[in-house]
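Alright, structures below, take your time with them.
In what follows, chain A forms one complex with chain B and a second complex with chain C.
On to the complex of A and B.
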């Protein structure tokens, strides 16, 4: 009886959260799945059960090239945010000795986040443009004699903006993991004769893995679903899955957008599952 | 779906005359290799496809039965031409919103592109030369209106009708005309515009005083003449009208191929 009561009270305690998830996550997701099987014309969505949306989506070469392009952005952004994020976190966690300075420098990293995402992204446009600050400077210094066109409205611009926007998502969890590493382990490694690089490779990186995995999940899911960075920084010339969905919504093609969203969701869930297979985050939290 | 017309206009290419050293006379100039990496087209499929069709027809690449209702084959051919141009690096960017088109032009990233009349005015009001270039093949025209939702009844329906009456009573029409659009009820709009404004926007006359934008900024100095001239000259050389084609779904999919190419 006693266990029955406690069971009932735990169900009671989780019910508010369950209710919120049901109303704001499960039901909307189910709606998307349902609508993805509907038909549509120029102005209306028509309740139905057709496979046409998926058939077109999965059979079209456009879908494959868009996914390839989106994955390219995700992988490039992941590599750069990881390298930069790890380095910054390492510096903060192991080079800066005083807690005050760690906090001050960490806060410094977050300052850009006080402005809006979009503003930080758009600021690159006048900087990188044909007549922008960077090109003017390079020309005035005599380094180039023609403006560098690849700087803006290109894959370079998209990845640059993504890295700029999302590196902090890597810094925070990796820094967090590094701060939990027992300093005596590093001392022990040094006493055992390990070089700095060996310590990094055999002690710090393995113990930072949960942070790396969490940061990677943040960065990859955000970039996989992004549409505004791709649209603005590529000058509308590149496509991503998110942009495709946004275009379909703009054209009132909700069923097509829903089918794209379902496929994207499955893709991202597979990636996250694979990442979680590599690192057991739960064990480390 | 039934709408009462409120607004329409004739669209053409916008250019930066200060950065282009020859006459622009044809839609085909959009894909002239001389403007490689400096051209743009609007990325709204139903409108962009018509600009693309004007270009392909002017180049002699595609012939159309009816540009306003293309066949699948015509759509495919048009998109193929655009994809080739994109792969050759003709386009600097594609734009979707008004501001984007203004910024592309004002910053000099683009020197020739699809454009809307008020966007040309917005570039010019920054003191940057920009021309809404009439072309020999004519304009791509469009129209818009207000429709009533079928669930309206009683007070709501009356309010909706009253709103439409107000919309067509002249103040809005004058506002739209001053942006370079055409009000669907020109007589009422005329009452809210000065003679000089009417002469400049509708009759193709040189402005006697400064022409102000709807929010009061100087848009054109005295002596200026509207690009393309009078209402009759502009609307008289419309080559095609935007429409929702029978092959709309196919068109949007092909357009997405172009953007993703």
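On to the complex of A and C.
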């Protein structure tokens, strides 16, 4: 009896969240799958079952080059966020000794996350632009004679902005993993004669793997689906899968957008499944 | 051994390299924001980059003239209201879900994986899916219906994960004590659980408000006819070429900082009160 009422109360407590996920996540994703088989003309979408959207999408060489470009952004962003995020987390977890300072410095890293992504992208314009701070500085120092054109509206700018926006996604889970490492393990490694670097390599990195995996999932999925950063920072000169979808939406070609969305979703899920083999998320909370 | 501890008191050289790296990282995070903050006070004839051509509040004034930059006031108030609704709903629903997850129930892993999926499915897919759904069933998308739902799919996973972290470290003996003293279920939650998890709920509130307030991709196809602030800002990036853009950036970033300070202040006060009682 008692377990019966407690079960019922569990269902009652979870029902609002389940309902919202059903209506605004599950059904919309199913809608995308269904609509990806529909037909369309200039004005409407027409219920049907055709494979044309997929044939066109997968048969087009543009699609493949867009995927390649998006993967390039994802991999570059992943490498830089991982290197920077790991170093920052390592500093916070093992070199800052008082808990208060750890919290203060950690907060300092997280605060920009609470502000608008678009504003943070725009904020690179005065820095990277043709007459921006960086170009002026380089010219004044005599390093270059002409302003560098590739700084803004380029792949460089896209990756820079992605790293700027998402390094925090690496710092937080890696820091979390590092804080759980038993400090006596590190002492043991030292006592056994390991150098600082050896301790890092054979103790800290392996034990930080769950954090690295979670951070990687976040960064890679967010960059794979991104379209605003690519549009703003490449100045419309580069494409990504997300941008292609958003362009198709703009042209009201919903079934084509839906087919692109399904392919993107499958790609992202494959990547995540591969990364999840490295970590049990539920254990990490 | 004593010798070993003694040497470890001194900072190793690597500390200074790492500290410098960290300082550069912080500069990288805040530097660009600082430049647009300074440039938003650009003189009336100044442009989008340095040098400063005088100092003025011209662009802030410009922001509040409706015809100059679209509907700043309207979109701001919509984003504010939407953020507050998302905040309240997320706090209540995540807290309830957190309580539910303390016991095993059928389908618990389904909900858990839905939350994870919600976090990793690209935002534009949520936007497209909800937009299509509303299109097909012929509902008019509105910021307080479709956009609200889209934002909740983004804030719930964060809320739920924070609740997991809280309840995993929560000692149930306090509740047992309350029940032994004759407290009802509701009294136990009100007088024992809520005060203990209060600071975390403030965290969930801040998380969900700011995530919603700044959300762009999930609002794109779900906001309907009226823009939220991020949509308005995005529109401006393509057709506004004056420092009014920076003024807007400064104002909304300032607002975000205000919200963060408010949340941190509340947590600090709650902690102090608890400390006094104890």
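Please note the rule applied: the second predicted complex is superposed on the first by the 258 of 285 C-alpha atoms of A that agree within 3 Å, B and C clash if a C-alpha of one lies under 4 Å from a C-alpha of the other, contacts with A are read in each partner's own complex, and residues count from 1 in each chain.
Here is the rule we go by: a contact is a pair of C-beta atoms (placed from the backbone, for glycine too) under 8 Å apart; a residue touches a chain by one contact, two chains touch by 3 or more.
Just so you know, these numbers come straight off a predicted model, no measurement behind them.
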{"item": "First, second, both or neither for A:126, with chain B first and chain C second", "value": "both"}
{"item": "Contacts of A:87 with chain B and chain C, given as first, second, both or neither", "value": "second"}
{"item": "Which of chain B and chain C A:210 touches, first, second, both or neither", "value": "neither"}
{"item": "Contacts of A:6 with chain B and chain C, given as first, second, both or neither", "value": "second"}
{"item": "First, second, both or neither for A:60, with chain B first and chain C second", "value": "first"}
{"item": "First, second, both or neither for A:173, with chain B first and chain C second", "value": "neither"}
{"item": "Residues of chain A touched, compared between chain B and chain C (which is higher)", "value": "C"}
{"item": "First (chain B), second (chain C), both or neither touched by A:221", "value": "second"}
{"item": "Shared chain A surface residues [contacts with chain B and with chain C]", "value": "125-126, 129, 131-132"}
{"item": "Complex contacts: residues of chain A adjacent to chain C", "value": "6-7, 9-11, 13-14, 16-18, 20-21, 23-29, 31-32, 35, 45, 84, 87-88, 90-92, 95, 105, 108-109, 111-112, 114-120, 122-127, 129, 131-133, 136, 164, 167, 196, 217-218, 221-222, 224-228, 232, 242, 245-246, 249, 254, 257-258, 261, 264-265, 268, 272, 281-282, 285"}
{"item": "Chain A-facing residues of chain C, complex", "value": "11-12, 14-15, 18-19, 21-22, 25-26, 28-33, 35-36, 39, 48-50, 92-94, 96-97, 99-101, 103, 105, 107-108, 111-112, 114-126, 128-133, 135-136, 149-150, 152-153, 156, 160-161, 164-165, 168, 206, 210, 213-214, 216-217, 220-221, 230, 233-234, 237, 245-246, 248-249, 252-253, 256-257, 259-260"}
{"item": "Chain A residues within the chain B interface of the complex", "value": "42-43, 56, 60-62, 65-66, 69, 125-126, 129-132, 149, 152-153, 231, 234-239, 244, 247, 251, 253"}
{"item": "Of all residues in chain B, those that touch chain A in their complex", "value": "1, 37, 40, 43, 45, 86, 91-96, 100, 103-104, 107-109, 244, 248, 252-253, 256-257, 259-261"}
